[in-house]
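What follows is a set of structures for review.
In the two assemblies presented below, subunit A is common to both, partnered first by subunit B and then by subunit C.
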Partner chain A sequence: MQNPMPLALPDLQAAFAAHVAGGDRADLAAAVVGDSISAEARLRIYRHHVAYSLGSALAATFATVHALVGEAFFRSMAQRFIGQTLPTQPVLTEYGAGFPAFVAGYEPAASLPYLEDVARLDWALNVAFHSPADRRLTAADLAGIAPERLPSLSIAVPAGTALIGSCYPLHRIWNASQPGASAEAVDLSAGRANLLVLRRADDAAFIVLDAGEAAFVASVVEGTSLEIAAERATSAGPSFDLSTAFARLLALEAFAAPQQKLGDGPLKAPG
Partner chain B sequence: MKPVAGIGLRSPHLAEIGRDRPAAGFLEIHAENHLGGSPAGQAIERLRESYELSIHAVGLSLGSADDLDEAHLARVAALVRRLKPALVSDHLSWSVHGGRYFNDLLPLPYTEEALEVVVRNVGCLQEALGRQVLIENPSCYLAFGHSTLTEPEFLAELVRRSGCGLLLDLNNVVVTAHNLRLDPCDWLSGLPGEAITEYHLAGHAVNDADGEPILIDDHGSRVGDEAWALFGEAVRRYGARPTLIEWDTDIPALSVLLEEAAKAEQVIQHAESDAARAA
Partner chain C sequence: MTKTRIAIASALAAALVLPVAAQAQGNTEKCYGISKAGKNDCQTATSSCAGTSKKDAQGDAWLSVPKGACEKIVGGKLTAAKG
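And now, the complex of A and B:
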């Protein structure tokens, strides 16, 4: 039966959006020509495609979560998430920021308490990968600065940098879940992990930090001076050594190049 | 741009294409895959030395009764400014409603109301980019009872009012014609041929709906015989144009895409030499 009053375009699109999100709409079905393939069956093709393609996008972004739980489990978990949170824009690599928090509360995954952390790591790697490769701080940038001025400097981190802390050996879980990894059991009680996620020249990667280094980077990200960062690092990890840690992070290109020549601008007062 | 055969640039092939620079008439990228700062963006900028580019958008939602997403439009415009492609295109469809994005090419009723919406949105897009864009016929799985125009009539009127060009996807014609019980050659004859600026070729899947076969545009296989035949017909009728092999799911080795492009190139060359003889 045809609808006597055709739906105006905004109403038709609202009805279609509701249909795609899972709600059956008799007014929409009435607007569609059915024959030996019914209007409802024709409409379902679009609903399935939207769900399937968004599920595939999440599976690509959260590839390690997908590898850990398998296709069927991932699809039903993604389905529930998509039902709650559709993308708000068309760049699918920017879809899924809320997925780790959703995973944390997803009851069927409760037996995998580290899954949220894996999802946070997948997301951070995805964000880093799609961040611009801005110039990094090098030893040359620091060359002209008097050593006594170094502690009072504050240094930025590059776009896409993230610090992921986990109560589990997250790097081991992540590595064991990559394609081609040997099927080695991961000891979940091996202690917490602090991972620094970085955009590198041709990819994104994480490096494992010790507790002192992690506290140092967290403080730098906050915008404190190196001196304060070092104090915090020492209380987090008593063996922390500023010059060793700073040299390691500098070699890993973990700091952003300064906007202006370092040491030229007004320096923050210590403390 | 000369009538040559190109391929869709997909991330699994990026390193190989960057290294070997295989012969291909042009490369087409999906705008929405390259709006961030990923390493692929730098690689594509380097490929501009060897290839003409086409930017194919899938998310501008030109058929939305809502206004265009200004932020997204600005990002696409910045990409177009940066890569200076020979061609820019999106679809006759919609994918955004109420600030939510559905990641599908959703169908429009072919009415005067929808035509005004698409003409307005295409106008905004062409103004933002400062250039003509091409609009592609979508694959359809349904038709609306209150449509007053056929799809070719709608496209012809869109071209007349907005000044856009057409991207004719022959596989989409095959899919739509089968699913909506239309004759693909009739469908083809209703188009304003001079507006066709690019052809797309791809494969489709066959699924089941209510116990009957329905064709699904999945870009996951070689171009089918029917699409090749229709491509030949379109080239005879309207002339050769830049032609793209699209492949988005179950992506094969690069050599398979290049083989398909070589097949398209033969059809183009044949038409070109026929045209030269006739002239």
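And now, the complex of A and C:
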């Protein structure tokens, strides 16, 4: 058997990665020993195994996308993504951050314009699920603060929180795609949805916000004071009711517990 | 303190003492939740033969048509609307 010039280790690794991503590499096949199974067939096992495992990981993370398009289509779409984007770290639950953007540009899925938003929601739920469930801000944390100082407060949101806006009734699409969902059709023209993804004690979940609440949360996430958040919310949703919305978000444990006691030290100047 | 600021301060303070019923309502409202089985980071395919198919998975992407729950989603346009 002819001994080819061995590839240097970095070249061998690069060739293997390229092969796994879908490119046939004659130089790699030449570097692999074949016996009863040819070198090419041996290498194909790796390629298919990587594709299958990563495709399964994506199907688990993007379960709603998977349910919407079906196994065959999903595998096909995932395969294209995997060929472009191999994982850069070993944790499979962190693989797929770029998948929603990829879905948006994936032409065979163009007939499902909401699919990108579904992918963003699936990803946000996945991130929330794998975020720590730290202590949350409660009304009691704020009770000791003089009311006139409340508007100047900036409060944080916990890791894993995400606000997902969609032109489509995303919560209904998501609901209709769950196992055991009713066969009832979802009308895409039912209007936009603002969803708040939360890490809860035992799971990840999302709730539907109205336009004012969504503007309020977006402002809080940005780091503004509650006063500015309230003003933006009122502009976005004229029927916004600050007391109801703030009580609701506190009850949902949507805010992070303060790192230090709130109200201590100098507060940021209002504005 | 401006009038708006006073109104915001009172509204925020009121939220802290809203009757328990209102807060409980927040807790029991409709949430769409997920919980997952643990996913092994060194995930293996269900069958070690899963990767040995001779058929290359590349190349058929453009022929496939979604066949899933998307049949339930009706109306709207075929082009993506951004916003």
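The criterion applied here is as follows: the second predicted complex is superposed on the first by the 260 of 271 C-alpha atoms of A that agree within 3 Å, B and C clash if a C-alpha of one lies under 4 Å from a C-alpha of the other, contacts with A are read in each partner's own complex, and residues count from 1 in each chain.
As a convention for this text, a residue touches a chain if its C-beta (ideal position, glycine included) is under 8 Å from a C-beta of that chain, and two chains touch if they have at least 3 such contacts.
Please read these numbers as outputs of a predicted model, since none were measured by experiment.
In the superposed pair of complexes, A:Asp203 makes contact with subunit B and with subunit C alike. In the superposition on chain A, A:Phe129 makes contact with both subunit B and subunit C. Contacts of A:Ala39 after superposition: subunit B is touched, whereas subunit C is not reached.
Shared-chain residue A:Val20: touches subunit B; no touch with subunit C. More residues of subunit A lie in touch with C than with the remaining chain of the pair subunit B and subunit C. Within the superposed three-chain model, A:Asn175 lies in touch with subunit C and out of touch with subunit B [touch as defined at top]. By the touch criterion stated above, A:Ser53 is placed in contact with subunit B and with subunit C alike. Legend: residue contacts after superposition of the two complexes on their common chain; A:Thr93 is shown touching both subunit B and subunit C. Contacts of A:Leu12 after superposition: subunit B is touched, whereas subunit C is not reached. Across the superposed pair, subunit B and subunit C both touch subunit A at residues 44-46, 49-50, 53, 57, 90-93, 129, 202-203. Residue ranges on subunit B touching subunit A, taken from their complex, read 32-33, 35-39, 42, 58-61, 64-66, 69, 71-72, 75, 94-104, 106-109, 111, 113-114, 117, 141-146, 179-181, 207, 209-210, 212, 214, 216. Subunit C contributes residues 1, 4-6, 8-18, 22-27, 29-36, 39-45, 50-54, 56-58, 60-62, 64-70, 72-83 to its touches with subunit A in the complex.
Those residues of subunit A whose C-beta lies close enough to touch subunit C in the complex are 22, 44-53, 56-57, 60, 63, 66-77, 79-80, 83, 90-93, 104, 107-116, 125, 129, 139, 142-143, 147-151, 165, 167-168, 171, 173-177, 181, 183-189, 192, 198, 200, 202-208, 226-227, 230-231, 241-252, 270. Interface residues of subunit A, counted against subunit B in their complex, comprise 2-3, 6-10, 12-14, 16-17, 20-21, 31-33, 35-39, 41-46, 49-50, 53-54, 57, 86-94, 129-133, 159-160, 199, 201-203.
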